[in-house]
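Each chain carries a letter (A, B, C and D) given by its place in the written order, and its residues are counted from 1.
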Amino acid sequence: MSALVVDGLTVAFGRFRALDALSLAVDPGEVRAVIGPNGAGKTTLLDVISGITKPVSGRVMLGDRLDLTRISEAAIARAGVRRKFQKPSVFPALTVRENLAIGCGPELAPGLRAERIAAVLGEVGLNPRAAVPAGALAHGEKQWLEIGMVLAAEPRLLLLDEPVAGLSDAETRRTAELIGRLRRPDRAILVIEHDMGFVEAIADKVTVLHEGRTLYEGGMRGAREDARVIEVFLGR
Amino acid sequence: MNRVRAVLAALAMLALPALPAAAAPLERAALAADLCGDAAAQARGAEGVVRAAADASAEDLRAAGHLLAALAERRLACGSAGALLLDRAGAPDGQDALTGATRPAAEARAPVLGLRQRALVETARAAVALLTAESVAARAAGLTTLERRAGAVPDAVLERARDAESDPGLRASIAGAAQAAALSSADPEKRRTAVAAVAAAPSGASLARLRALRGEPAAASDPAFARALDAGIASVERAVRIGDGLAILYNALSFASILFMAAVGLAIIFGLMGVINLAQGEFIMLGAYATWGVQEAFRHVAPGLLDLYLIAAIPVAFGATALVGIAVEALVLRHLYRRPLMSLLATWAVSLFLVNLVRVAVGTQNLQFAMPPYVSGGVPLYADFVVTWNRLFAILFAAATLALTLVVLRRTPLGLDIRAVTQNRDMAACLGLPTRRIDRLAFGLGSGLAGLAGVALCPIYSVNPGMGSGFVIDAFMVVVLGGVGSLAGTLVAALGIGGANVLIEPLSGAVAAKVIVLVGIILFLQRRPEGLFAARRRR
Amino acid sequence: MSGAVQTGLAASARVRRAPRDPLIAVLVGLCLAAAIGLVLGRPAPYLVNAVGQLAAFAILAVSLDLIWGYLGILSLGHGLFFAIGGYVCAMHLLAHGTVVTGTLPDFVQFMSWKGLPAYWAGLEHAPYALLLALGLAGLVAFLFGLVAFRSRVNGVYFSIISQALVYVAMLLMYRNDTGLGGNNGMTGFPLLFGWPMGSAGAVTGLAVAALLALAAVLAGTRLLVGSALGRRMLACRDDETRLRTLGYATTRLKLQVWCLSAMIAALAGILYVPQVGIINPRVLAPDLSIEIAVWVAIGGMGRLGGAVIGAVLVNALKFWLSAAMPEAWPFLLSGLVLLVVLVLPNGLLDLAGLRLRPTWARGAR
Amino acid sequence: MGHLTRRGFVGSAALLAAPAIVRSAFAADTVKLGCLFSSSGTMANIEGRLNHVVRMAADEINGRGGVNGRRIEVLTSDPASDWPLYAQIGRQMLQQERVAALFGCWTSVSRKSVLPVVEQNDGLLFYPLHFEGDENSKNVVYVNSPPASSVLPAVDYLMGPDGVGAKRFFMIGSDYVWPRTINKQLKGYWKSKGIPESAWREEYVPFGFSNFQTLVNQVRSFASQPGGQPIVVLTVVGSSIPDFLREFANQGIAATDVPILGLDMVEADLEGLDTGQLVGHLNCWAYLQAAKGERNQRFLADWAAYVKAKGVPFSADTVIDPMVSAYDSVHLWALAAAKAGSFAVPEVRKAFAGLSFADPSGYTLTMTGENNYVSRGVFIGSVNERRGFDVLWQSPDAPKPVPFSPYG
């Protein structure tokens, strides 16, 4: 069984089709990268999976059972799906610790919260900044804090929207390692990224989107050699 | 003195029983005396003129007309030395009603007409006008008045008028009136034609007249007449129903056009920058005051062209309010684009300021507007449906505003920019559009449109500093219902809301109508927060 | 648009640290001391009454700040809940008066009705009236909030629709058929718990009650915004979508606070009406509901104390100037609003040097 | 904490008490009168004028050496058409400023909101508007007429032979106490005359309502029904009056077909209108600008002069009944105070009995001991082309006011 199945997904804004009968499947424990030029529909895909956008048609099944297109964002999140947004979105009014506390989600028993937060703080390396308001963090720190927030709920499906956008090489490397550490047999990770090197470093498989459709699916090497992919990225 | 004359006149009338009433002579002195007398005498005088109208000489009638007009307009001064015609009410001196000599009106009193006497005087003046007026229009006006007073006029008068009438159209309608007047004559033939004639000019009043005949023995005794009567009633009923339908449509349209003009500026501003401009109503008010300013300017500079001030005010009102709008944008809103709620409070403060500024500067009383013919009065179009010019003016004005806005948005570079920024501000900015300048100009445009609304409202509503406050919420309901940034939506919403209000009002009263409509809108927005026409955008 | 931009209020990190800032404590202390002052000092009844009214307005302002400053929802219809409290209170006073004096309210007479409409039954009992006022406000808020929040109506949309709501309510109440006095509303309340209205005892009692209520409301809301729920409110205000994708049902969160705020507003209305001795649809005028927001903005939003300061300051000025310098008042008010909106984003508290917003957050303004 | 609190409290007290401190500096040789007339908000257009009239009357009296050796000082305010604010400012004027009397209120609702205040403080409110009656507080002087002594004569006139012999009635009013009470009493009156219910119709519109197309259509169809001469009894107020008249005229209904009896219609309401089409419509008040007699001429001249001298933002050549009534109020109060030799309300109130004042209307106002009502004359005015009213009928003498209507 697969962790996530996207089946015939179509999303339209007015006349423009952001996703056009898109289908793909991600296995548990897999790290899947979705790449493609601007406007290919990458972020829209995450919007649909996390419930922010409702599709015109198609389904998004989580673990073969739950159709995410029928339930609210909150319900999706409670089902074990977490998303890290492209633009780091943390709660500036709250401290790092409080952000993580909220990241734990509404279910987690207050008793367990403290240790979970401590663990995540360690994982994303923000221990010294725990009491600082998130609004005061540096860009990279915000990125990690947000990753921490989505980790704090121990998600089954992790959606990462350009996690290294605007990061220095060092920070990018750290993020790659971090994502490596996040791999788990019971967790699928879906990454959207432009940075090919980064994708190669982390992804098992890549899906190349173009104008809302799948252009290529398979290994990164294969993608580099695929003619259409090259045309879309380099051509014209 | 007057009494004596009156009594003499009365005796003179009684003394000549042989003559038919229609042949009563028109003795000016007696008439003047009557009109200066008490209510009864005034009535007698007016009725005398009507009776005499059938065969009195034209210049007698004219003279009588002058007297009656003077009385109706309080230009008739009655002193011990006899009646005086003043050229304006309260003038120090005037011409003697009989000799034409100028005399001081010092101790003379100007009698006030009671309503009943006023009606009689109107009839008499109408009869005189019909028979002696120079212009066809004046004669026609006389006829319409006489038609309203069915029965008060002897047939002879109408017949004389008909025979004397030169204008064929008018002669025909006089003939019709003459026939209609015979509704209760003895001759069944005449009566039937009368019914037809009445039915030919349908109205609630004529319906009542025909219905009244049903009860009469004539209807029972004469089956042919009864049939004609029923047919007549049926056709009039139909006509009246249609007329009322037209009236409702017209009311809805005029109300909708007012809503549209109030809302269109908001729609642009709100669509473009998501700013709720609570001062929009005050911009409308400013437009109205600008119109008033133009009128005053005409009064002093070109009194002859005064009638055109409403037209001349259009660019002025637009420009003035647009400038105020641009100033507001530059001084206040510019700093608040990322804080829509704060800009909302700011515009509220602006509106408070403007209202009180005008209040202190000009005063709170309703402004005085000269109403050119093209915005005062109306014309009965069909049955009881009257097209009132001021509302028609508003409707046409709204249509023009719509056209103008469309041209600006579709055909000018500014319009293109505005649409671009409305649809995707960031992208437009990336493409190097000066979004801030566009905002400012668009805000000016929106304010200017409000100013135009102000011009159109002058002939309809009272103009005072508070006049704008009523519009904001209705206008916003239009914008929100129509969908942000959609001109078509604004138009449709205005028509819908206006229509709904007018349709519901007769059933459940004005308040309930407003309430029902607003609640309906609120509920609708729960279903479709983005309104009727807004394109779905990516969040 | 993210919540931060919507509310025009980039987060203020100080909010949660407020328990350590003295303002609330000072204000609560002031209220209690003022109450004692009124009882012992026995100042002129006019002054007592004015202080009492100011306290009621302050409560109203706090109720708005709770949802605007902490949840980013600007209601321009809060006059509705204030009016619900006020009307029910007035109904109680009249019903009670009718029971005691036996004379019917005058609007019943000029509508030539035989007696009070059926739905007035039982209102002569204060506890029931109190329950009804709060319950009704809560219910109306719940229904409106439910539809609004579920269909994700927010930002200026919510503001303008809530304004339409209060406008509708005003039109309804102007109708005499509504059975609540129409345009005249209700006045001429004879008694308050047996005290003759307007007697020194009643005036002082009401003022003290209002002050104590204000103190309680301040303390309570402070606890609320300091709690975990309070942190979720801030999170929701700054980025609702984010909070939802973390598994929180923001609709319920907003609904809870919205209803609470409505009930606090109703409480203010209950305390206000017996002090001015009249309630009529004027309190439902859209302008008044906007003015409430103005008080909060002037005092400093997102800071419960600011709301209190704003309400007291603006209304004290209004009382004073509309008698002393009638012409000047509207200009002063509009000037004050513009000044605050443009120069002092955090209201007069900026002047007081209590900076709410660290440098990093100002960029977002 | 304690002292800080105390200071804060005293501070706020000082803030609120400030105006009193400012004024009482030279309060020794003056006596204060308070005005409660809005110069902003919905009522500003008509109500605002009254502040100035009260000032004018006070100047007049001060010119004659004031009252009981004291100069009158008039305090004006702006309740901004906000009813509770009337009560608030009234309370402030009575308790802080210690005014000897209040002059104020136009709408019934504002009076009703001030009523408890004057009663609780045993103050004195002079109320210059004609109103619904059915009220008699010892703390209010009802300077204008209750319906029984003003509206009924006018309706009688219209129903009689001198009028139009009105048989059917279309009542249009703003939805509040004054129109509803008037109409209730009219209906009772007609019932007592054996007129069937089918002969009248009643419609109410919200405050500030302006879209009268539908209603005017309804009037026309009502008028075309059989059953006798119809009239419109108009009790809308404020800006609704000109808006209704405009629509009525534009739809071509003449006064000679369906006359309007505008019970709240004053010269000021015609200011914005072209009255050529409205000639003949009626109103009824205790004063009309067209009233004869040199007392009125002098008053008009004084007002014009006052407007010029003080730059009053109202038209110099429009004078309306409530202005004269407010002017009368000040004089009545001054006479009573002089007669009582005191400014204390109970004494002044006692002095009302038998008071009389010859006012601009040409009638002599009188008060009796039985109530705080004033006997006024009755005028019926007829709209003329010059945005004014001609006196169509006036009562031979000043009828005795009837506070509580016998009808309905």
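We take it that a contact is a pair of C-beta atoms (placed from the backbone, for glycine too) under 8 Å apart; a residue touches a chain by one contact, two chains touch by 3 or more.
Everything numeric here is computed off the predicted structure, so don't read it as measured data.
Using the contact threshold fixed earlier, the set of chains in contact with both chain A and chain B is C. The greater number of contacting C-beta pairs, out of the two interfaces A-C and B-D, is seen for B-D. For this pair, chain B with chain C, the centres built from the Cα atoms lie 45 Å apart. Rounded to whole angstrom, the centroid-to-centroid distance between chain A and chain D, based on C-alpha atoms, equals 73 Å.
Work out the mean CA point of chain B and of chain D, and you get 30 Å between them.
Shared contact sites, meaning residues of chain B that touch two or more other chains, fall at 355-356, 360, 511, 514, 539. The set of chain A residues that touch two or more partner chains comprises 52.
Residues of chain D in contact with two or more other chains: 39-40, 175, 204, 206.
Within the complex formed with chain C, the chain B residues making contact are 274, 276, 278, 332, 335-336, 338-346, 348-350, 352-353, 355-356, 360, 469, 472-473, 476-477, 480, 511-512, 514-515, 518-519, 521-523, 525-527, 529, 539. Looking at the complex, you find that chain D touches chain B at residues 39-42, 44-45, 48, 158, 161-165, 175, 203-206, 208-211, 213-215, 217-218, 220-221, 223-226, 239, 242-243, 246-247, 249-252, 254-257, 259, 268-269, 271-272, 274, 277, 279-280, 282, 313-315, 382, 384-386, 390-392. Listing the residues of chain C that touch chain A in their complex gives 2, 4, 10-13, 15-16, 228, 231-232, 234-235, 237-239, 241-250, 358, 360-361, 364. By the touch criterion given at the top, residues 39, 72-74, 89, 112-116, 118-119, 122, 148, 203-205, 207-208, 211-212, 244, 247-248, 250-251, 254-255, 355-356, 359-360, 362-371, 376-378, 380, 384, 386, 388-391, 460-467, 470, 501-502, 505-506, 509-511, 514 of chain B touch chain D in their complex. If you check the complex, the residues on chain C that touch chain D are 26, 29-30, 32-34, 37, 43-47, 49-51, 53-54, 106-107, 109-112, 171, 174-176, 182-185, 187-189, 197-199, 276-278, 280, 282-283, 312, 316, 319-320, 322-324, 326-327, 329-330.
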